[in-house]
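Next come two complexes, and both contain chain A; in the first it sits with chain B, in the second with chain C.
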Partner chain A sequence: MEASTAQAESTPGELFREFARERPAAVAFGVIALIVLALVAARGLHDVAQASLNGLTLGVIYALGAVGLTLVYGILRLVNFAHGDFLTFGAYMAYLVNVTWGMPLAAGIFFAMATTALLGLFFERTMWRPMRAKGAGFLQLILMSIGLAFVIRSAIQWFWGSEIRTLDVDVTDSVTFLGLRIGQTELLVVLVGLAVLVATGLIVRFSLLGKRMRALSDDLDLAETAGIDTRRVILYTWLFAGALAGLAGVLSGALTNLRPELGFELLLPIFAAVILGGIGNPFGALTAGLVLGVVIELSTLVVEPRWKVTFGFVALIVALVIRPQGIFGRARAV
Partner chain B sequence: MSLPSAFTLEAFTNLGFWSGVLVVAGIYAVVTLGLQLNVGYTGIINFGQAGFMAVGGYSMAILVLEAGFSFWLALPAAVLITMGFGVLIGLPSLRLRADYFAIVTLATAEVVRLVAQNARDLTGGNKGLYCDFEGGSPVCFDDSWRSVSDSILGFVENFWSDPEPLLPLLLVVWATVAIGIVVLSYVQGTPWGRVLRAIREDEDAARALGKNTLLYKLQSLAISALLGALAGFFLALFLATIHPDDYEPIVTFFAFGVLILGGLASYKGVAVGAVLLWTLLEGTRFVELPISEEKTAALRFAIVGAVLIGLMALRPQGMFGKREEMVLGD
Partner chain C sequence: MVCPCSLGRPGVKENLVKRPGLVLAATVTALVLALGVAACGDDDDDGGGGGGEAGQLDLTIGNLVPLTGDLAPYGPAGQKAGELAVKEIDAAIKQAGVDQTVELATEDGASDDQGGVQAARKLIADGATCISGDYASTATVAVARSVTVPEGVLLISPASTADALSDLDDDGLFTRTAPPDGLQGRALADRMEQELGGLKGKTINIGARNDLYGTGFADSLEVELEERGATVAEKVIYDPEQPSYNAEATQITSGNPDNFVIIDFPETFAKLGPALVRTGNWEASKTFITDGLSSTELPEEAGGEATEGMLGTAPGAFAGDAPDAFDQLYKQAPGPARNLFDSTTFDDVILCYLAAVAAGSSDGAEMADAIVDVTGPPGPKYTFEQLPQAIEALEKGEDIDYEGVSGPIDWDENGDLSRYIYNISEFKGGKLVKVDTVEVTAE
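What follows is the complex of A and B.
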């Protein structure tokens, strides 16, 4: 009785807050749409469209990195600081095939995805599974992953040095359509990235493996009780996460260049996508990664481009403080 | 620093070289004492120490060079700014789960570094800060320290004909470490320190006893920020410059290496861990290796990584940590 009276008297502000709690994604997209409209009014449709297109190339890389990281985080409760260095590893594997052995980039991409997937599998068997068996805590695992990040990065620096390297891609040619320019490499990155992301979404949504991964991410013990071979699903999750990280690394290396810090520099924006998307939610990570890339690039219309990385981190902090469960996440203990 | 190509006794007994190593180890000990208070005794996983160092160092230098503060007034002012910054960061983020807090603090430290890199008018950007050449004679942020350092050296010359130039800084840094260890160890035994441990063991239980746990965690973080600021001053004096690259997240990760090596919930372990880690890292310079300088650098990183992995797998309580005092869960 009292509750219904209170509801009847609620002000528009309270109604909005209620709506924002129930449908945070809708509110977030509403806000972004308003900002985009304001930018179109201020800077013209062409500039906004061009910046969004540029942002998409960044966004697919974030999204590819974030899907794997969020699954590992959600399923194993492992904040994997070495995930960024998986990206670096993939990029250098592609370099090995594409430049050292002189084979086409496509071969490099497949090799990178395969080897990075195996790398993920290798560390699961040698480090993470034994540590889980010991009942290692959160701090133990996070520090181990930082140690692993150091080891992978120094191994890369050992073999390839710290100088900047480039993949054998065309960086000068560009394509123009509807008055928008996009470099051929950028176009390749967007097309390959989006294709793989769609495939990833379909696998996670419809395949038995995808359903099992989401079940584990929801509740590992419950999934095990329900008769899912969790050990096997975890292995597949690492293969999946590694392959996507490897691809993200190659695409990032093709867009700019290769250096041992490549992956670590991408790690925080990828974490941002993971958290915005709700930890353990692959669709959330995918969407948030794409949106984050576009938003960061749109920010260059307002502030100087050198601030755009900072802008991404500030977005992460603000998002965490306001809504730590992410815009696609459900309320749980945070 | 040039690499000696062979293992020589002369290099091993090089006083200047080892003074430098000890100063760096001392700076890491100061910054890690804050981590020990946070991680070891309060159970909050703070990944933002490099950010506190940067805020401390930059505030001090900006106050001296831009605002015309005297060095001795700039030091406490910069400490207050850094502690205020810590409270500002902690207020919204300390309510979060441990893993979220770790990521927020890491991201905050990166924002500090990126602002330092990009707000060129204030921080000198990638040129860094050292002296202000406007007007007649250049004003440098460490002028006052240099004169103190010189008078200490002048006094030492009475007993020692050719004193090591780093000696005054070395003394001040390690005196700070010693005072920090004594004060923090004492504080840990007070009711205040026991509340921190209660929060680490079970925050809900501490809250049920009527303790304002957020307030205690904020105080813990603010003290950590204070120690970060001090380490920032010492690093600035040691390098005689303040540059964004010196405050990368790697600094925080190395401090965690020191923390884990020494052991959780042990203040003296921090000092031992710092000396041990830096002796290990710098001592490898004297081992004759037929590899390039770049590969040596890679090897040093790999050592820290291997130390972290090995300790976490085999002896997570470190050298002096107590297993029963170790809350590594979430």
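What follows is the complex of A and C.
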């Protein structure tokens, strides 16, 4: 009511602010589009397109990791610091199939997704559910997840050592398309990653399971009162998050190589994507992951590569200062 | 009925719903800080000192090697070299019939600052008063500044070559058997000039990892190259812990330079190398490297296309009886194959011991005073094979000049080697092949 009366006599500035509050994502994309246009003017279309493509490879991995992390947080209010090491676990599972057993990478990907999903389920049954039943607080759960992160990483180091390992993929051949170069494996990563992200978006948006997940994320008690089997949805959430983390791990491993710190090094940008996307919002995390990857790579057109990560986080901080609930978070939350 | 999952949530939820972003951001930040600070916690353990009467000596030598992290490929050989050195010392003590006990403690420095500092503290807690280590230059600075210098423990680095270490404020408690990068930069620039038939008018792009080693080396090499008439068009400094290196690779290859220099460690190059190949504007055979990448395992880690034909410098071994004898000794013992810093680590451990004998004490500062005389002229030369005779000479108060298995080891006033030998090696057929050896002297 108030909004409509105010609209009648508001200035363009206020109108814009109103619009920005209602559709922060549109504004964010507008800002990014402007920056991209400026970069195109300064550095040429080719450089910008190439950097964006590079960023997309990175962004796919951030996005895949962030969706799972944000779902778990949204539904269980659990900040899972071990999520990065889920990625590592997935990568090494694919290594087992792809290199140790000499099977194709596709088999490795499926195996990694399945085993990492089961890993998530396993910890839900052995750690998180009992802890919730005992009424553990936010901080206790966080500390447990940090501990778990170290346990998983050390276990991987115990079995595979700390040396660099590579999956059986071609990392040097590249494809040229419209003057843009992309490595064969990178192309595969982008295609597989985007396909899975779209599927994830559709599942969360339209499937019954997705609706239930979002219902739990909105209000767990209310969802339960409405007759949703929360326990089952939670299990599915872990399977979902685990499988996506496993996939992200394999894709990251395929791009470069495997080492026990693989997932841990990715955890911070993944957290950034979760926060930027509005915590608990899977669509937000997905988009923010992609955006973050592209922004980080685009920054190399302006600053030295060694500052690119810093630049990505500066952008994150600025975005959060303007909009603490994240770009895709709901306005009413503040 | 209440689902067990909702227990413990209501109170938390209320706060979170209002500002979930800020709460999570704050929590993450706090935890990251807490983990970082915990690793820097101080402890005031006194190093186990205690000399004793003439002839009697009770010494613990620390061997700080990277068994995990970026430099993990080099660590196992260093560990084995340290163990071999102590075996030699034990045998010599028996033969010389002196009342001395020497023990070795080995710790993993994990190739980084925090790991190195923690490992050094542990070694000192185990009684070490002389430590060989650390490998990475940044880690050595951290270990020296926050542990060994304040604790009065002698630190000898077998592998840290950054020029910045020459100016370390160390009260004489730091020295190294690894040559400073300035010397290697000169050797590499000389070799490039020779390989390319003069550097005049050549354009060279440098890629270097963002740490003390990478940036320091890149700076000193740039000076050397430009003195010889070359132009350094791009100097790309990159973060060593990125999941992707396409942007860096594009920048390193931009401007179509005549040649490239990559200053890096194997773990990062395993990611950067393939990205360089993918640009299509880079060739391994046009690329020069430094000791950081002179690892026999590199072709396996980064792929043949990213390594074949790369030529570079690495601290070499002086020819002679001592290096040959060490080579034999090392190869006869079981364990990992030889790698770059095994001979210097071996020398460090022997020097720790000789310094203690010369000082007649296992006190770090007293050993630091004695160590320069032990290994420099004047005095007759002794190698590790003449250790019993060297002990007797020192016990009589005579001056000795230790000839190391890594070289003559004569230090200038900064504790830096004043001359050194570099191997010129090339990746051929997936192997690191030595093609030449050059000796460089400091100005």
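Annotations for the structure displayed:
Quick note on the criterion: the second predicted complex is superposed on the first by the 314 of 334 C-alpha atoms of A that agree within 3 Å, B and C clash if a C-alpha of one lies under 4 Å from a C-alpha of the other, contacts with A are read in each partner's own complex, and residues count from 1 in each chain.
Going forward, contacts are C-beta pairs under 8 Å (C-beta built on N, C-alpha and C of every residue); 3 or more make two chains touch, one makes a residue touch a chain.
Owing to the predicted nature of the structure, the values given are computational and were not obtained by experimental measurement.
Using the contact criterion defined above for the overlaid structures, shared-chain residue A:150 touches chain B, although it does not reach chain C. In the superposition on chain A, contact of A:15 is made with neither chain B nor chain C. In the superposition on chain A, A:321 makes contact with chain B only, not with chain C. Using the contact criterion defined above for the overlaid structures, shared-chain residue A:57 touches chain C, although it does not reach chain B. Shared-chain residue A:162: touches chain B and chain C both. Once the two complexes are laid over each other on the shared chain, residue contacts for A:127 go to chain B alone; chain C is not touched.
Of the two partner chains placed around the shared chain by superposition, chain B and chain C are both touched by A:138.
Once the two complexes are overlaid on the shared chain, A:45 sits clear of chain B and of chain C alike. Note on chain A: of its two partners chain C and chain B, the one contacting more of its residues is C.
When the two structures are aligned on the shared chain, A:313 is found in touch with chain B, with no touch to chain C. In the superposition on chain A, chain A positions 77, 79, 136-138, 142, 146, 157, 162, 271, 275, 306, 309, 320, 324, 333-334 are in contact with chain B in one complex as well as with chain C in the other. Only residues 77, 79, 127, 130-131, 136-144, 146-151, 153-155, 157-158, 161-162, 268, 271-272, 275, 306-307, 309-310, 313-314, 316-317, 320-321, 324, 333-334 of chain A touch chain B when the two sit together in their complex.
For chain C in complex with chain A, the residues that touch the partner chain are 2-9, 12-13, 16-22, 24-25, 27-28, 31, 67-69, 72-73, 210, 236-239, 241-248, 250-251, 266-267, 270-271, 274-275, 277-280, 301, 303, 305-306. Partner chain A is touched in their complex by these residues of chain B: 39, 45, 92-93, 96-100, 102-104, 106-108, 110-111, 114-115, 118, 253, 256, 260, 294-295, 297-302, 304-309, 312-313, 316, 327-330.
By the touch criterion given at the top, residues 50-51, 54, 57-58, 61, 73, 76-77, 79, 81, 129, 132-138, 142, 146, 157, 162-164, 166, 171-174, 176, 181-183, 186, 220-221, 224, 230-231, 234, 252, 255-257, 259, 262, 265-266, 271, 274-275, 278-280, 297, 300, 304-306, 308-309, 320, 324-326, 329, 333-334 of chain A touch chain C in their complex.
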